[in-house]
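Naming follows writing order (A, B and C), and every chain is counted from residue 1.
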């Protein structure tokens, strides 16, 4: 039973990382209507930006580096959309060339990272944290901060979507882009902002992943990508809240399962859950109609 | 004149549906459609916009599932069968916005149509090439004849996506005809087409009836309906309002109110 | 040096086979199989464990180990890949549209990779299989050096056989039905095609090619481990297909030549840059992605695009070629030209 509570604690940490990542992916997918297969590499890159600021250039505190790294990744995402993804998406509307292009982008980003930083494992420069007991769970200060960041970001995203004009425009575009355009919404501006948010969230997620796993390599994001996909699909594609719910479900399930099976396979459990979800409830927990 | 699905005793129903309902997110697109389509005749499916006509055709052809109701092809119940099984029983359909198989040539579009092709089995492709070749040749002969009738012979090797709008409409019908359907559902075959072509397509449809095909067509143009259709089904707000011959329906006040109002006045002015 | 050339030749023919398999799935039927490399790996691994003898005492851990000869082990490798494809297709093909299918497939690829990396008892984990016996080496008395040109020729023969088979399929009504499903599966269903069945056939045949391609890889190199098949490798096969020209017979070969041989293997010639190990390799992999994007933008039809494949008319001319069918003058081209809005 002790093991269960411990796993539950870790589960919340994983769920936090997943939630940040999944929401970033969902936001962008909702607006652009195609999946960014390079998202894992956005995460890793964001983590490396933070790493550089934390370890090599200014030796900033990890949390500040996290924020700056995320913003840098957001900016880069906007540039990539402007130069590459946007033009391809506009030119090849039907057709899955955009997906192939994002797949190619993934390869390019991964190898650029390898070229710059090599394949060796990197560690963030942060004080070693001691585990504290939170009820029956055992968590370090850093893990708690990670969870807090996730909660704050979820609330921020929720507020943005429900209350702000930007959020309303995003929801409109997500429902029906053409209608949104004819209603006077500046779809280009919204798309740019969405990419910025998506890239920034990816950056946060990548850094936080590195903190939670204890290390960072260029491939870290890619290897985690399928877990994010699982969270998004199980929660229901196209729904932000579905992504959050899926993240919690998958995060908890993978960690709790590690108590029973060989921990090397705990992430693979996410895939098993994905398949089960496909077989039993293919539209996901919260999907919006018309998205499957 | 009848309401609901009962025909004269002398007519056989090639296609029957009964109590069809379909809702999209709480909104009922179809709410009790029921009618018979008499065999060997051209039946028009008319009604104001939003009456649920295309949805009914989608359901009847198997492209969509209905929430409740039943459908019969002759004696066989085909309720909620997937579209490919319904097609194999001889019910083919065309689409309102023509959907050509763009990457294939015009000839290939037609050659795709026949069901049960020997060459679709891997074993036959490798072990019985002679049989496959023979059947391909038969199909090609027939396809070229059909293309000729529809005036598309000279475009046979052109990729379908390069055809003009009118040509794509003709291809749509030619392709369905190639499959030798027993019943053909046409979704607004005259929509967006210039007047000369309307007459042409109308003539093709009459030709189909002469060769024994049962036709159900969604049509807004009541002149066309008057000229070529034997029987009419009126749909409004998702349910069958009335069925019968057009001149009978003109005297049905409910129908007139829902749909035919303006045309009656124009007719009176003749 | 000549042996290096023959190695390039081998990879050319091997990736030609891989391109054929992906062409059947993606080019002909429109299935975006982002897990393609996983099927290649299964083919390689199973060919390996069918060729190797029992694992006891070798220091490796793996299943089976039946010591079967070539080409039986190769065929079984292909069948193993097909079996995986069957399982995957049954679970995913019916329920998912293309982009979600791509997500699930790439996830499958990653999970498969993860699993083979971790579960040592399966295919020797991260070390992978090695010491796989070279086919025909004993009977023909081949040594390490003469094996390479020999097996390059074997690969060429296999690829020509498989090319011939694929051509037959592409030209047949079955190929036409694949393309119909690719172009518009709703229409294909409305014409009586069982779309799921068609896609399933396409997945199975394409996976067989993937498995054979993988099996040849392990037979050539004598070893195979997870580093050979990170999911990014699927992208290389897509690049081969798209750079060369999707669906084009010549295109697949040209693509294999350009991408696999020139882009990937030739740079092994170049000396390592001191202080930056592996830099050339990284740059090279990134270059594949860049080349593909450039090609898609400036010449999406590929280097050697498909010339219009005509279904043969068999020299048949329609009966009433004077256009005087039942409709008479109305079907003359002039009537069609009037006001036809393109």
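Note that in this section a contact is a pair of C-beta atoms (placed from the backbone, for glycine too) under 8 Å apart; a residue touches a chain by one contact, two chains touch by 3 or more.
None of these values were measured; they are calculated from a predicted model.
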item	value
Between the pairs A-C and B-C, the one where more C-beta pairs touch	B-C
Chain nearest the overall C-alpha centroid of the shown protein atoms	C
Remotest chain, chain A as reference, centres from CA atoms	B
Separation of chain A from chain B, taking each centre as the mean of its C-alpha atoms, in whole Å	48
Separation of chain A from chain C, taking each centre as the mean of its C-alpha atoms, in whole Å	31
Averaged-CA centre spacing for the pair chain C and chain B, given as whole angstrom	40
In the complex with chain A, residue positions of chain C that touch it	32, 34, 91-92, 95-100, 102-104, 106-108, 110-111, 114-115, 118-119, 230-232, 234-235, 238-239, 242, 276-279, 282-283, 285-286, 288-290, 292-293, 296-297, 300
Chain C partner contacts - residues on chain B that touch it in the complex	61-63, 82-84, 87-88, 92-93, 95, 99, 101-105, 107-108, 111-113, 115, 117-122, 125-126, 129, 132, 136-137, 140-141, 144-145, 147-151, 153-154, 156-157, 159, 164-167, 170, 175, 179, 194, 196-197, 199-200, 203-204, 207
Residues on chain C engaged by chain B in the complex (per definition of touch)	165, 168-169, 172-174, 176-177, 179-180, 182-184, 186-195, 201, 205, 308, 310-314, 316-321, 323, 325-327, 330-333, 335-336, 338-342
Complex interface listing, chain A residues touching chain C	34-35, 37, 84, 87-88, 91-92, 96-97, 99-101, 103-108, 110-112, 114-115, 118-119, 219, 222-223, 225-226, 229-230, 233, 237, 262, 264-265, 267-268, 271, 274-275, 278-279, 282, 292
